[in-house]
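In the two complexes that follow, subunit A is the common piece, with subunit B as its partner first and subunit C second.
== the complex of A and B ==
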């Protein structure tokens, strides 16, 4: 087993590395991606100010354009928003929320989708039918609609006042639920093929418990489509989160994501204070674009038929 | 050939359309605001946008003109016969939109309707004891106690046709709270300058002019209201020419709109003051019960909070100069307002901190600030600024900004320790502020006193003010109440709002401090 694993890993590694080296676009987007992720992880150290420490805000520094200095001598590279928060700092913190929600939602979708997919493929019969029909039904709704629905239900159950505290978990749940189908279908497809192979049958004859077969035998062999879908799904999850927040039902203004920042800034677009919405917008585009390019490339690179 | 012929045909059609458009063009005013009237039943909801829409269709005995001065409406004149009785002479020859005559019967019916349990105008007619019809065009209204400002309350009591109401089974107002649907919710029959043509709640309301209006000819043929919730969309529609008038433009856009030659921005100080309320009556903070006591009941804490608020920064940065910092919770133009009472305590963070320490909170405390996010101009931004200003003296407020429908419910249920509120003064008299905000809270008076302020002396003064007919004495008592409120720091005043309307230069809409346009006064400029 171990030998096969090492071999497979080495092969993917070398092939991936080869195609990576040959494409400058991918090098750029991977670098950008890493840069954005690192800067959001290290936001508290990188950001010039802490925009969410209310006691440091001064309303007199509100609505300053990029490259300006306020009365107390503080410098704002990308300007300030309507409460006097530094835009650069809010973007760094906001990207943190966006990425965090995106990643967590995808992890949630992977866990849910993969386990349901494996279960469907392995058990077959009515359970397979049921799970896949549910997936079909959900596929006929746009993801954003599903997310809106989940969000609305939770809001109705919890009430508005508690929403702020749990907003981030609700978003993760909503986006995760809207994306699990893709994982479930891909994993089921791959697992149906693997299931017929001799090593699975051997394991079964030896009396290995079902759960063990699923986790130790099937899962590792169906993981490469998961990786590809996950990369693209992160981009989709980030955009979904931004859309929900832009519509005002995502992250609250006190712990904004990029989408919230764009929405808040949108109110000032007509009055000439373009920087409040422009810079978060650009950041969102770069973030999603780099994830998308990486995902596309990964799909091509891992697809044996394209070689 | 065919091409040329169809080209000429097209030209002719365009020409005809163009000519017809200019020669028999209707004067249509298309306008928008964030929200719609809640109902067309004129007695069901006491809410400014609702009253405003109904005021174009229904009329009152006494009206207020452009400058909010009282003027004769459906009553030509009125006088007090004795301490508790008023006589109103009704206008003759006034007809409802369906052709019925307006008579004393209708007045008696309408006032009774406004006093019904499902009416939202009960407070306005609460002092009325009974109504006697002297003849078809004269009525007498007897009040339970002397009521010097009855005519001013009557500017809110719309007149309906008795016959029409009974015929359509709407002799009592719609019960708005239980979402009742009645004929009067979507149909109207008033005496006013406009009639309702089409009503699609939250989508579109079309009014057309009443050709036989008693008040003379009206310049507009049609008025179309389309509510648009999103402010940028509303402004985009105005700039692109799809609208002629926006009632509530976002103030950050005004600078740019002023530069547009096809638009006019008109402003006037509004009779509405924005302030913060603090529950000083309850034993503990609802939002921080573990503190074990209520810091807001200590006047030093209230004073510290007052002095920590930099209202000039709010005025300059959030309101863009379009507000007037306030020291009292009622605006210029209201009886009882004086410049000296409107003076603010200085903004002084150092003194605020030492006051807080003196009161036993050197490190501040935590509480929740409840705030609407779609009711007053930039309400949520104001609350955010308040939170950051208070945090600089150590008071950590968490902001709970909600749509007005939810916010008002939680405030009326007394679920808030600390909240932002705006108060307009319908009667232009301080008594209106006292009876809602300052009298000790009970079932039918002090109903909005969620500050839980209770001073028996003030209560007695308010009772006396309501009955006093000697205006000098009354003014003196009003001033006494305001001084007490100021010294006690019952509320934290922020600013008086300024109204801004953006109007296409094609129309002249006289602006009113009540934020209620009267479409009968609109002139077409070109």
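== the complex of A and C ==
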């Protein structure tokens, strides 16, 4: 109990919390971010309808505008889509998929990038050269292209029928692969600086095993750039996922993400049913914006040179 | 007569959310034209803040809350920003510590000088050029017609600082503020620059405020001196009077903490008035060690470490396309023996290879050729794991920079316990007990173990480093410039701790330093190194009294003359 109390006091006293408190924009975006994350976690409880339960769907209720009530007396706050699904519910579930893919892809990119970056920095020599040249080559491909490539390969191997089941993992893999380079570069740069410091040399003179030096001494000291890049990367990952889904090579219609919802709605935009694509679009913008603002603020707050 | 600049009860404060930090507390200062006034103090004393306050360059959120600055009969602290800028440039010149950053690297020296002259004195281009040459001649730049067209990076450090001085003189100022003007320079260059400043003071009738941490510089250069301690004036007056007969305890301890090159003292006296008085106590440490597996044998003449024909060649990495790589010979055929229980010094300038030798001894570098033997057994190349672990445990290192030699994300307790646990000397519980004991020995309380390194000052951190080095009960301690990043009074404190340790435990030490007076105070025998070669190896006293090698003689000559040691301090000194 006491230990927790000390930790809480230390957190409230920290510079990070101080700079957080002083910026209303950040408080708003952090609150928004939390709200969106929480509402997607609790989507099954929060959503008024289950959009994937086919028994509740009725085509009579399709393409209803926002704030309308159907013949059976059900109320749709944001209207319904072409299959009669409640837009609000599909957004909540779609955001869940979008966030899940984004987070998982970034975690994958962090693990891959950080370990390769640490390895490159610590070992140096030809391994460092090799890894960084691979990273350079990877950087010359746009993220979308990398994702398309991975997607295409998996599709060719598994075929269309099984693709729906593994679509989410393919997306995570594809987006993660296109983002690891940033982590690897940042970690390598920071680790090269830390490696020269005397505490690492002290550990080496003691004969501390290499893996322990990497994990206990280097990793904790290169973690703040990882945190900053991760926050911004989540936003990028969500956008990439939405783009892929919008192009029709991401999440299938049966498990829609925000990008899928925007694509489906896009078909009806010309016929005046704007709400089908508008609300998922707005949600995507808010989600990405709040992550970006948080990332920017973290970068400034954790960088002592900007203080 | 009225003085050139008068500072009355100046108060500078830095408000922050943790409370108001008072950088200067009621400082008063008078500087006359034609004199050099020294401001001396250790880091955090506020000596640079005085200069910044005068020229209005206080960094946000610092501001003047009380007092006044009167320059040439005018108050300048309340001037509007614009008129202040003109005044600042025209009548007050500044010289900073690092000559490289005070010059614009993209403009030639001539461009920078003439531009400043035209801006301030409204000269024509031709007149400005003449004036530029004259200034460069005055600061002793040879061949100024040629050199004026050089870029700053084409000058050496000392020459660059001369250019900075010329730049400061461009507008014919009355007051010159020199903030640690020689700290970044080599000793030999330092003397020349100080001479130059002295000469210009007389010839231009300048008032000079010389900010420094170095008592030697004060003794050599200044007419008057003000000693600052934690933002307060501790003592002020004629330099000679203060150096001979310091009244305040802080000035006394500051003076006595400066290592002397002329004789060896048993300890540094008056090491009080420092951040906190250390009560280090090693007497019972020996009992602990006696009981442990590693025996400390005192006074045996057997060599503990033999270094035989050591060579270290570094290959510069060729790039991907041009495979040509150069070989740098960092250490050439170095051989020496370290006797059990002695303090063996290695002295040399930067690039002499002294740290490389230390790194080979601690196995951070694998020597290109040659052999190192510990207690008669080779410890270079691939050796059995048992012997390697034993050797690593018996040799520990203390590093130069107390700010980077500890993992900032680990607690002090874990830092000190790491080697104990690594070699399996104790289980976790026993290890922490040992850590507590070690913390007591170095004069910190056991609560310190739960804190992180950044919560300690430089001196405290260096003591924690010592505790970590002692944790495995080593027999050989390698100190690589252990005090060169510290203030002089804290240096005295750390050196005292090392002396005590050596005395009580009979530890063998290899002490590496560029600072000859420190070497004199610490070492029994000294090896002099230059560009990877060992030039001379002899008893310390003999080296200082009758140096054999030409290079050693030059080094000894360059030691800045020690400040006149006051009698009151002398009476406390016991010489050995």
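Annotations for the structure displayed:
The rule is simple: the second predicted complex is superposed on the first by the 294 of 307 C-alpha atoms of A that agree within 3 Å, B and C clash if a C-alpha of one lies under 4 Å from a C-alpha of the other, contacts with A are read in each partner's own complex, and residues count from 1 in each chain.
In this text, contacts are C-beta pairs under 8 Å (C-beta built on N, C-alpha and C of every residue); 3 or more make two chains touch, one makes a residue touch a chain.
As the structure is a computational prediction, the values presented were derived from the model and not from experiment.
Three-chain overlay on subunit A, with subunit B and subunit C fitting side by side and no clash. Of the two partners subunit B and subunit C, more subunit A residues are in touch with B.
Look at A:268: by the touch rule set out above, it reaches subunit B but stays clear of subunit C. Applying the stated contact rule after C-alpha superposition, one finds that A:82 touches subunit B and leaves subunit C untouched. By the touch criterion defined above, A:254 lies against subunit B but remains apart from subunit C after alignment on the C-alpha atoms of chain A. Once the two complexes are laid over each other on the shared chain, residue contacts for A:136 go to neither subunit B nor subunit C. On the chain A superposition, the C-alpha centres give an angle at subunit A of 150° between subunit B and subunit C, rounded to a multiple of 10.
After superposing the two complexes on chain A, the shortest C-alpha to C-alpha distance between subunit B and subunit C comes to 46 Å.
No residue of subunit A contacts both subunit B in one complex and subunit C in the other. Residues 18, 129, 197-199, 201-208, 216-217, 220-221 of subunit A touch subunit C in their complex.
Contact residues of subunit C toward subunit A in the complex are 17, 320, 362-364, 388-389, 392, 395-397, 399-401, 404-410, 418-419, 422, 468. Interface residues of subunit B, counted against subunit A in their complex, comprise 231-232, 235-236, 250, 252-253, 255-256, 310, 313-314, 316-318, 380-381, 384-385, 387-389, 391-392, 399-402, 406, 410.
Interface residues of subunit A, counted against subunit B in their complex, comprise 54-55, 57-60, 62-63, 82-84, 160-161, 164, 253-254, 266-273.
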